[in-house]
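Heads up, the next two complexes both have chain A, just with different partners, chain B and then chain C.
On to the complex of A and B.
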């Protein structure tokens, strides 16, 4: 239940927000109290004859700011009022209350549920109708995220975990839920990074690594593991299976801050790769309220760069044509405040557009299977100038 | 009428129209009379073939007058006897129309007994009896045995019959197809004897042929009974005698009908009002809209000697000062002798008549059904949820005053109800609801239902030309609206312009169509208002349902999170839901207006009745058919509709709230 501290205090703009009214800080009310407050406020509103509502901070690009000082994305002040007696919002309001009550129930029983578990806990037929409170999990997940921001509580504080995605292997020994794990002795499968990696669960013990190398996907990670890259280069290897889940990002953040390890990122050469890198570095729009405890502003992008095609003399076989979506996405990315104004990035993205193709990390196998671990990555790691910030 | 004379100019060499069911024409007179008569030689008359081209002289030998009766005997389709089923319907129609006219003219509340007996597969006997004034003995043969004989043609007065063809034509048809003469019994008073005639029409001479003439005893006091045997067909549904009687009852709520069908079923249509339609006055033509030829004919025939007097006496709405103005405009004086008016002057006079502003024709020559009577007729005959009616002020076409009335019934049992709260209906009802029903047009001319030639009728064209989409009904271009709606259109006039002698469709004069469309628009607007209000109400009640559905969920969820008084919380939520959806509570008053708690003024819907979705005619509505509707529908469901009578709205709303 330990609360992670937000390094940068958010402006307490959510005056109308049901509970405490202040951004979570040390000594704030416990999550259960905040949930109780939420319900009490609704009851009081109804009692006064006003349409009950919950104010929910907006999780969208329009409500995030890039803080140039801290170098990560912060959530803005805008919130959206969710009223019960509004035809379009009534069901959402009911769902919000329902999920909140289930979270409180779980906390009180000291059980942790997956987001899918919450969906099933909250799903039932509404009395006297054939209508279900929730039809799909897709309906339930955003409600939970709304609740996180509205209650200013982390997901783990609500006793909810996401499905684990991502793995780790390398020069680190740590304790997970009381079990000591030597990450150098994990075979080929590695350690599956759980969604909750708070110090209450995971404590670092011994670290021989000089840096962390985060790769985009499982397939690339496996190549590195098979070639025992972590052993040769004294590092920790992680992947997040595409856009990394909270656990992976939180773990990267902790390793960077607590173990003082630089974080190197190896992504595909395409707009999605760029974006995933930016999520690791600056945080995501959707979870902007958690950037402070997840972002790694010092992370470096080591590849694959659009210039690498020529630099490493790659063959035509690696090229994948850009489609209209890629171009659109690339333009969007260039306009994000955390990319805008970075000359090197501008060059990089323009180069990709000029190339007219994208490349996957796996494409390096067209040279030879271990080209990426034996030649490409070591070369990139050495050449600091080729890194993108 | 021109039709009757026009063919006389052509060579009479028709073939007799083949009628499979009809006996050969030669047989016609066989059973009827022992009197020696010259056999009809029509059909083979001019067998003398000229071998060469005809000369004026040989042609002259063939040129001769044709009797009207003879003409119609051959062209019976012009009178509505084109097929067996239609023949029966037309005969019924002519008999009933005459009976109603006679009763009304005599100031008697009509009571009409109609019976159709099936004698063999395609042979029927129609018997129609009224309680009218009866007919004096001498006139019986002329009225029933002569075409174009009657009281109605030579006057401008609103009546069902116009030309004096109908019933004689029916008799003639019977005679032609069965050889049986028409049988008439008439009695003019309780103490007067009843005369029984059997008549045939001498088609060549257009003269009655009296076959039997005697006094009889009858069990009724006064009235006329006509019996015609004919080759005919009997059907049900559209364009049937049933439909005709149904619609006649709608348009004539002051009349009582009984109808005994060929299978012995007895249908009764009780009188819905004791009030006779206002007695109409005969009028002179109105100067606006008459034609130059008519004016010249009138000038020739007038009894007045001076133009001023002629204008005043032979036209309506022309006073002596107006006559002076007209004469001045025409460049003559009121003293000008009528016989000095030459065609040029007549034309000037005609122009002057058209250019002078005149009062609209007097309305006492017209007896509209009336919006309220139309409403009661619709309520009685059609189960809908919304009824409205509108009577236009009288106006003129071709110098003939006329008046248009429209009634509209929507929804209810007509199907396709747009209300979403019909969940308690069975699946059968649901199915009917989903099928888009086409609108039905019910047409009347002087209270007579028009069942044939719908698409040729001005009324139908007006319905098509109306933009129903504006009133919330769907309509394809150039079609009638696809909606559960019945549109009743009545034209009352001293002279209804039919497209043919069978009186099936109203001719499409611009003035008439314009009036019909205006009347439809008036009803349409009210329907539109009703539909919009209803939609809004349904919308809000749907919202309330949504809120109510979630209230318990929210209460339970909050209860799991905090401690508070559950019932109080639920109550406050329920009351908030009521507030948020206040529109759903709106009820309609007797005018179809929302009853608003705060006395906010809303536009009144005149002559409109709204019934709850059961579509019951509300009991006691308009004080009409109170007894039978209460009996048949009693105890089914409480009624929400209110009478269309103007009770004060305040009183109503006070009671409701």
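On to the complex of A and C.
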């Protein structure tokens, strides 16, 4: 403890956080060290008889910005001080320390946990009272997010996993937890993308792919797998069952940055498809503090575009009427700073409104079942001018 | 056409369906033959100048029963005649033929399609009118179910896939679409269970497993995978992300019947957990016509049981209060014929009501993170008397 106090004493005048976005470099300390630093700072504050505090970057729209240089949504530098001797903050302060200590335990034991597992690990009655440390999961989740930003650690680095969905097949051989997996030999099922895909778990080995094709739905993915699109076009096929979960986004980010693979995105032609694309590309407002390690600013939207109805001579059978919600959502999307001012996107969204209908990837089956893999997508991949950035 | 008429003429006095449950034997005709038979019967009826019809078994609670001999939910023998020359039935009749023909096309081309793909393949404007063959997916889905029961073919045999979720890892080597997959070497991610797992796609090769452990959630599954439970206990681990989709249920059925593996089920201690278990074991009311090829009547419920709170000395931290919905649902479940009269289940459900709380599998983390894999589940597996049937 003496040592802890000493180390921490040197730091006690500093805030416990570095400015957002400028924090950890590649050679930064390991997550456990950062947890220990946080704890020691608090211990030192207490040792000096001052009110212990931690500074937590603010996770709200007011502290989120689209950075035109990095081209993703970033968290700003505003933070909030959380004091222990404050009636309204003491519980949250205690919870933050408690969750941090459970994460440290798990990291040291080389175990990972779901957020539900962290909740149950940290939940207990406070001695001599009927008060519980946590009553609900909803109390625990923001504390974990606090820690992520305060420690500048990905949730995955805190050994916490989210639920997983999404799969992968294609021209990549990788190692997952010591097992070598050749993603060209996974039958029709494919590799279930886990929630934690950090380099400590997954290492890329041999890559014959020229790009990644990410599709919105598992049913569309299955069409591409059955038609062995990945083999003919030398690519990796992924899906995220709708809005892709963290593991899928992080894997796309890693494949793009480490394997230098372009990420091509194929979504439904509706505001939800635009939105999912924008999350893959720029990150989301809620998880702005993770964009730097999740976003793929170079991702391209290859379809389905509002202009494809005419471009591919589709029939009326593919049309689904826009409802008032779609129109409202399309307007909102056009005002996002990362869409606004992009002429091609403005044209695209305006065309959808003018069409009065939306189109699903699966609607291509109205031509013939494999039209999407044999004609539509190859044509879109070739025609760079049709891509949206 | 002449030949078709002749073949069909012999059958025209017969109903186009055999009694439910007594239909296709193992040596029955292939799915395309059955589609052709259906079509030829209709052609023959038309050729004779009579009103074409098909008989469709009724898919409603009124025609569903729990069979105490087979121990699964079965469809009864009631059927409904659908006539072409009937104002209220003509459209549905036409849709049935149309979907059947699209399925036949796909089977012959060795392609599979999502239900959405079938909808788009079958949707078109009827020549000379503005009338569409289908307006919505909701119109198409029951037609596909009609066909499944009328042809006594699994949806998978009609080459139609559902969305997929769920994963597998463990002591099994199998072939999927020509690729040999060793499920002990799939890292942390595992094999994404596809929607179609018929013997034409998946063949079992080498099995070192002594049983299958099926868990409710992917987050729980991940705990078991990380702790390499499958290796220590020589088993196969599966999950279905909640209510398991068709592919997962069918795979459990096949592993149980072909590999002779006991199927052990680990669910949350709540009415929803009981229900999911009952679907795996006895089938569901909605898909009663598929129970024979989906259900695993010998599946065992190993936990979480209402008695485990005391049995394992759990703390109050695992308790989640029952709400009025839980209590209502528990009462309904107790009245299902497949639960009713089973003393142990009555005790179990009554105990839950008496407890006044429910418990999640993940709550075991309040002891310690791997309590569930190192102590709880091994203890439950050993203690056969604690299993619920």
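Rule of thumb we're sticking to: the second predicted complex is superposed on the first by the 261 of 389 C-alpha atoms of A that agree within 3 Å, B and C clash if a C-alpha of one lies under 4 Å from a C-alpha of the other, contacts with A are read in each partner's own complex, and residues count from 1 in each chain.
We adopt the following convention: contacts are C-beta pairs under 8 Å (C-beta built on N, C-alpha and C of every residue); 3 or more make two chains touch, one makes a residue touch a chain.
None of these values were measured; they are calculated from a predicted model.
*Asks:* Looking at chain A, does chain B or chain C touch a larger number of its residues?
*Replies:* The partner making contact with more of chain A's residues is C.
*Asks:* So, does A:374 touch the first partner chain B, the second partner chain C, both, or neither?
*Replies:* Neither partner.
*Asks:* For A:97 in the superposed arrangement: first (chain B), second (chain C), both or neither?
*Replies:* first
*Asks:* Of the partners chain B and chain C, which touch A:87 in the superposed model: first, second, both, neither?
*Replies:* After superposing on A, A:87 lies in contact with chain B but is clear of chain C.
*Asks:* With both complexes overlaid on chain A, does A:126 touch chain B (first), chain C (second), both or neither?
*Replies:* Touch partner of A:126: chain B, not chain C.
*Asks:* May I ask you to decide whether A:40 touches chain B, chain C, both, or neither, giving the answer as first, second, both or neither?
*Replies:* first
*Asks:* Check whether A:196 is in contact with chain B, with chain C, with both or with neither, and answer first, second, both or neither.
*Replies:* Touch partner of A:196: chain C, not chain B.
*Asks:* Go through the superposed model and pick first if A:141 touches only chain B, second if only chain C, both, or neither.
*Replies:* neither
*Asks:* Can you name the residues of chain A that touch chain B in the complex?
*Replies:* 35-36, 38-40, 42-43, 46-47, 49, 51-52, 84-85, 87, 90-91, 93-94, 97-98, 100-101, 104-105, 126-129, 131, 133
*Asks:* Name, in rising order, each residue of chain B that touches chain A in their complex.
*Replies:* Of all residues in chain B, those touching chain A are 543, 546-547, 549-550, 552-554, 556-558, 560-562, 564, 568-569, 572-573, 575-577, 579-580.
*Asks:* For the complex, give me every residue of chain C touching chain A.
*Replies:* So the residues of chain C touching chain A come out as 106, 109, 111-114, 116-117, 120-121, 123-125, 132, 161, 163-165, 167, 175-181, 185-196, 201-202, 217-220, 222-223, 226, 241, 315-318, 360, 362-366, 368-370.
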